[in-house]
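Got a structure here, written out as structure tokens. Questions coming.
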Amino acid sequence: MTAAVTASGPRTGRRRHRPAPAWLLGLIGLAGLVAVVELVPRAGLVDERYLPPCSAMLAALAEQAGTAEFWTALLETLRGWAIGLAIALVAGVVLGIVIGSAPLLRAATASTIEFLRPIPSVALIPLAVLLFGTDMRSTLLLVVYASFWQVLVQVLYGVRDVDPVADQTARMYRFRPLTRVRKVIWPTALPYVMTGFRLGASVALILEITGELIIGSPGLGRQIAVAQSSGAVAPMYALVIVVGLIGVAVNVVARTAERRVLRWHPSVRTEVA
Amino acid sequence: GGGDSSTGSGGAQGAGGTAKVKVNVIPIIDVAPIYLGKEQGFFAEQGLEVELVTAQGGAAIVPAVVSGQVEFGFSNLTSLIIARSQQVPVKVVVAGAGSTGEQGKDFGGIVVKAGSPIKSAKDLEGKRVAVNTLNNINDTTVRASVRAAGGDPKKINFVELPFPDMLPALDKGTIDAAQVVEPFLATAVKNGDRVIASNYVDTAPKLTVAAYFTSEQLAQSNPDLVQRFAAAMKKSQQYAEENPDAVRKILPTYTKIDASLTESLTLPSFPTEIDPNSVETLTRLAVDDGLITTAPDGKELLP
Amino acid sequence: MTTSPVGEAAATSTALLEVRGLKKVYEGRGRRIEAVRDLTFDVAAGELVCIVGPSGAGKTTLLRCVAGLLDATEGEVVLEGRRVTEPPPGMAVVFQEYGRSLFPWLTVWQNVELPLKEKGLPKEKRRRLVEESLEAVGLLDAHRAHPWQLSGGMQQRVAIARAIAYEPHVLLMDEPFAAVDAQTRADLEDLVRSLWRRLGITVLFVTHDIDESVYLGQRVIVLSGPPTVVLEQVTIDLPDERDQLTTRSLPRFAELRSHVYELIQQAKRGHRPAGR
Amino acid sequence: MTTSPVGEAAATSTALLEVRGLKKVYEGRGRRIEAVRDLTFDVAAGELVCIVGPSGAGKTTLLRCVAGLLDATEGEVVLEGRRVTEPPPGMAVVFQEYGRSLFPWLTVWQNVELPLKEKGLPKEKRRRLVEESLEAVGLLDAHRAHPWQLSGGMQQRVAIARAIAYEPHVLLMDEPFAAVDAQTRADLEDLVRSLWRRLGITVLFVTHDIDESVYLGQRVIVLSGPPTVVLEQVTIDLPDERDQLTTRSLPRFAELRSHVYELIQQAKRGHRPAGR
Amino acid sequence: MKPINLAKRAVVALALPVVLVAIWWVATANSTSIFWPPLSRIVGVFGETWFTGRFTADVLPSLARLFVGYLAALALGVAMGVAIGSFRVLRGLVEPVLEFFRAIPPPVLVPILMLFAGIGNEMKVLVIVSGCLWPVLLNTVEGVRGLDEVLRDTARCYRLGPRARLLRLILPGASPQIAAGARQALSIGIILMVISEMFAASNGVGFTIIQFQRSFAIPQMWTGIIVLGLIGIALSVIFRMVERRLLSWYIGVREAHRTEG
């Protein structure tokens, strides 16, 4: 019944050589992907015209990277994504904690949440455009709508995970509601929130791109749309690579943050120890 | 000073300065004239400062225009006919793009693989044919082609695929034929695919395919603006029609069409007037093919 | 005999805590356990009462009900004249599951300090209290560690430090010294007694160590096996001034000790007071 | 005196378990704790050795190293001539964190049965073993409950039942009776001794209860405070036939008991063997 | 006691939806915007839209694809998640690659999938899998990583074999978090069901909605959205029932110490 006394260390000393650092492994993995994407078209498994080899994509990427247009598009995308994600995160966490810690509220909102969650953002596009036209707010609406649910559900499950003894301790010492949230519920839910952040971040990115692509608000998505309708395959994939790399970067950030804020959690402490 | 193409500062036009208008377009060859017109200063002449916003299709463009978020939009005529028949208050302003009217030398057509047994539109019976949007201009015109070739259009299996994905699917054999437009048509030809019919040509001579439109509300509240836009647009269309090289040159500025392709592209025609005949044909086709139940009043739709 | 059972009706007006006909039935998924059948006793203000009973007798259940963390099936708990329905102010509990009651995301220091912050104590006073209590349990050195970096006994001492730093009026302790060595245990026993005498707090102390219950308490409540009732209340008539060596070697201590031991053995054999 | 410290070099060939120069340093984020400095001792096959030491001395750390769950910083653990790098077969451990070592998704019965299934025992034998061991700890009635429906002491007994049902050669127990009442504790002590005698297993038993260590063990290893070394190994020269009443009242028992107590007090005061 | 409880629960569950529907009804009652038709009109066309053959022709095929795709994603996500969560080197190797794919929007991903899987049902199922996978995978990885160390040590000590470790330790231990992922995946699955039907489809709820949208049959489009929402509610009810069964121990632990009543 006690908290961990020892970090179980299956990996601490037995393997005397240090395990390869995560970034190196990651690079090896990505190199593998590059190799596959290079070889599959070259080996003729798919037609080069429709899935060009990686080198061609990278060449197209290098070409685009020389244009100012690309960089403004990238910035637009990142800006819309960041704002949307931030709104969704804050709203998801706040509402998740409020709803999650009040069983009555939870029961009352359950069906509404389940009704709204599966409504695809694409179906909302006309409405978004109706409200905000083709500027970034339309896309923002879609981004927030889609990623909000991801965060919310994670937080709801995270709040449920609070250890009953810890919860009783908090009640015993008559913690104020806000303290309970900050010192008991929040840390417990944090691993779930981190996953929510990672899920929400990619969904937000996806919707940002999709929104730009369909609505035409400025950003990489619009560039992709242009490339698609121009039949420019390699430049299109070049842009997709950029989108994918944003995803990878977000994950690096999330993992770094996790090692800091979840030091105390078994998932981190057993690995760092 | 009508020659001043930069943003006309105070008093270039009598009507109280420059009006800003947003136009929602699709980044395809069809809208080259508006880019040209902007470049040539035709809009500035009319005291208009146009901002071109690209979008992927009607799902975003029609609501944007109807709600007044943008002043004008670009769309194919069938979509507008359908919208009108559902009481969506859209109003055509000026023609956008049209068929060249030359069989086999149009900007859109039905392609099959080189070795395909399909020789004519009639052979499409029972085959899978890709169009970019079901129940819209492309499948109705393909049906028209089939009818013209003496086939039964009901026997076609239409498959909806985005244009960029048609040629890979054709290659793979998941579809038998595809209705494509430029630049995919030129790509297909380059790949060795065969054009078996020009569906727009088969539908009507010099079919007007697409147009610029606005909302009824704007047309009523600011007819002058609409008028000026139409005037500038017509001049642009004319200019584009007369200067195909200028069209080819402007393409890379707003599309990513491969430079090696631009020369071999077949450009659409850029009519200045809407062919009422085309509208009537497309409306009839829409009704016949069950896209709409009641034909909209042509007067409401057309300027 | 040497014991003086306190009558059930002895609800004097000086009682701080009254437990009246407490019954708790756990129900859930095909299992119905009558953990506590009928408990009735009083605790006067400033009293130190120990509770002993066989494993699974319902001591923890009782403590949870007293703390207002668990609703009784029947009966009631009255503290200072008011019925307990939620944790009352000024009460601290050391849980049997000490490890789980520490917050792993906080350091030892923060764990002890947090309730004081909630009480609204000024910073300086908090610092002093935390330091003193950690010092008292011998963990000042480890104050920067996280609970999961500590041994079982150390964790338990952190939980104790947290409770005593809180300066409660009523202190509930559920086998608080189970995980510490004999010497530390003796020290902590003396710590609790000195705190109790100095601050005049009321203590309810659950333990399995019979010597400990006799050494610490003014009264020992012995519970029967489940379904649980009070088997006997043993008044500990040892001098108030106690210390490990002399008190434990008193003949009276041995008498009381063997009496309680006797009772526990009876309880384990299923003996119950007449009519229950 | 009555003790015979076993020399460090006494690595007889009959030793089942050899702990050689064991050192464990916990390192992590600005906190470096030398939990165990240098432990060297042997345990012969079929021996019952108790380990006592102040809270935080590193007993749990030692046990985890012996069990192959934790890698030592220096030194080694050799079991049956082979260096321990992962949990060896035929070993059972009762963890100090008994509550956390039970699978909450399994019932009591399933918890006890699972390791037997893994051992590949036939169904009938499993049933018998589970039943016997649950019976032995007095929990047969509760076999359908889940661990979190049990009291602390009951959970601990489930963990014990699981270990004894496993019929290990080597049994490691980390304060296994901390949460049970005095009578149950006595019963369980006798259970362990009878198992040990009947099956000839080797037992390493960590406890804080000095009486218990003397009553149970053939030898008591007393650890110093951290950084930990062996303070003394006390051979318990009581007759092998022990029972709660007579053995505990032997004068020799009292002697040994107070000697060990003395050592613990020394350890807590920071006393260390010369030169360490 | 029991019926009153039931009634109370029903009131709690229905209050908010009723209020929201009422607001919707009143707010759009006099709406002239064709994109915001009055709710009365939407309700009016609901029956004729969905109960004249569309239910079997569109809803059921969609649900079938969703079902297959969702279960496949669940199996794949849990399997990969357990592997990735258990082996740190594996995680280091594949995580960036997975993150890369995770960020690619379906409208871009689908064409690539079509290159390999054609345009039939397989493609649509694959699209659903490609979206549902991530929440399950990520949550499984984190659930496996966050397993209690004492439990893990217990399993090692008693030398549980790989099979028992998986079935008796890892999966149950991670199951609360896997459930969170599975819950997420459910609604994502519905969304991707719609998106997959934007490509090369000839039936399905999503296909129907998109057709309505394109042909400006706005009230009908709204009925489609309502259908999606109702599917969402229905599936979540089923999900909760399954979850309550499978996670009864977990819910028990959480409720064991809570004050009842």
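Think of it as A, B, C, D and E in the order they're written, each chain with its own count starting at 1.
What we mean here is this: a contact is a pair of C-beta atoms (placed from the backbone, for glycine too) under 8 Å apart; a residue touches a chain by one contact, two chains touch by 3 or more.
Composition by chain, UniProt nomenclature: C, D = NitT/TauT family transport system ATP-binding protein.
Given the structure is predicted, the values throughout are model-derived calculations rather than measurements.
Engineer: Please identify each chain that touches subunit B as well as subunit E.
Structural biologist: For subunit B paired with subunit E, the chains in contact with each are A, in label order.
Engineer: Tell me the chain pair with the top count of C-beta pairs in contact.
Structural biologist: Comparing chain pairs, contacts are most numerous for A-E.
Engineer: Would you kindly tell me how far, in whole Å, the mean C-alpha position of subunit E lies from that of subunit D?
Structural biologist: Computed value for the inter-centroid distance: 49 Å.
Engineer: How many angstrom lie between the CA centroids of subunit A and subunit E, rounded to a whole number?
Structural biologist: 17
Engineer: Report, in whole Å, the distance between the mean C-alpha point of subunit A and the mean C-alpha point of subunit B.
Structural biologist: Using C-alpha averages as centres, the distance is 38 Å.
Engineer: Check each residue of subunit B and list the ones that touch at least two other chains.
Structural biologist: 59, 62-63, 66-67, 162, 164, 168
Engineer: Got the subunit D residues that touch at least 2 other chains?
Structural biologist: Where subunit D meets two or more other chains at a single residue, that happens at 26, 28, 60, 64, 69, 86, 96-97, 99-100, 149, 152.
Engineer: Could you check subunit A for residues that touch two or more other chains and list them?
Structural biologist: Residues 1-8, 10, 47, 50, 126-127, 130, 165, 168, 213-214, 236, 265, 269.
Engineer: So in the complex, the part of subunit C that touches subunit D is made up of which residues?
Structural biologist: Going by the criterion above, the answer is residues 26, 28, 30-31, 33, 52-60, 96-97, 99-100, 144-145, 149-154, 157, 175, 178-185, 208-210, 261, 264-265, 268.
Engineer: Which stretch or stretches of subunit C touch subunit A in the complex?
Structural biologist: For this pair, the touching residues of subunit C are 64, 67, 69, 86-87, 89, 91-93, 95-106, 114-115, 117-118, 146-148, 150-152, 155-156, 166, 179.
Engineer: Quick one: which bits of subunit A touch subunit C in the complex? Just the residue numbers, please.
Structural biologist: 1-5, 7, 163, 165-166, 168-169, 171-176, 179, 183-184, 187, 264-265, 269
Engineer: Using the touch rule from the top, collect the residues of subunit E that touch subunit B in their complex.
Structural biologist: 33-35, 111, 114-115, 118-120, 199-202, 211, 213-218
Engineer: What part of subunit E is in contact with subunit A in the complex they form?
Structural biologist: Per the stated touch rule, the residues are 9, 12-17, 20, 33, 35-36, 88-89, 91-97, 99-108, 112, 115-116, 134-135, 138-139, 142, 145-150, 152-153, 156, 176-177, 179-181, 183-184, 186-187, 190-191, 194-195, 198, 206, 209-210, 213, 221, 224-225, 228-233, 236, 253-254, 256-258.
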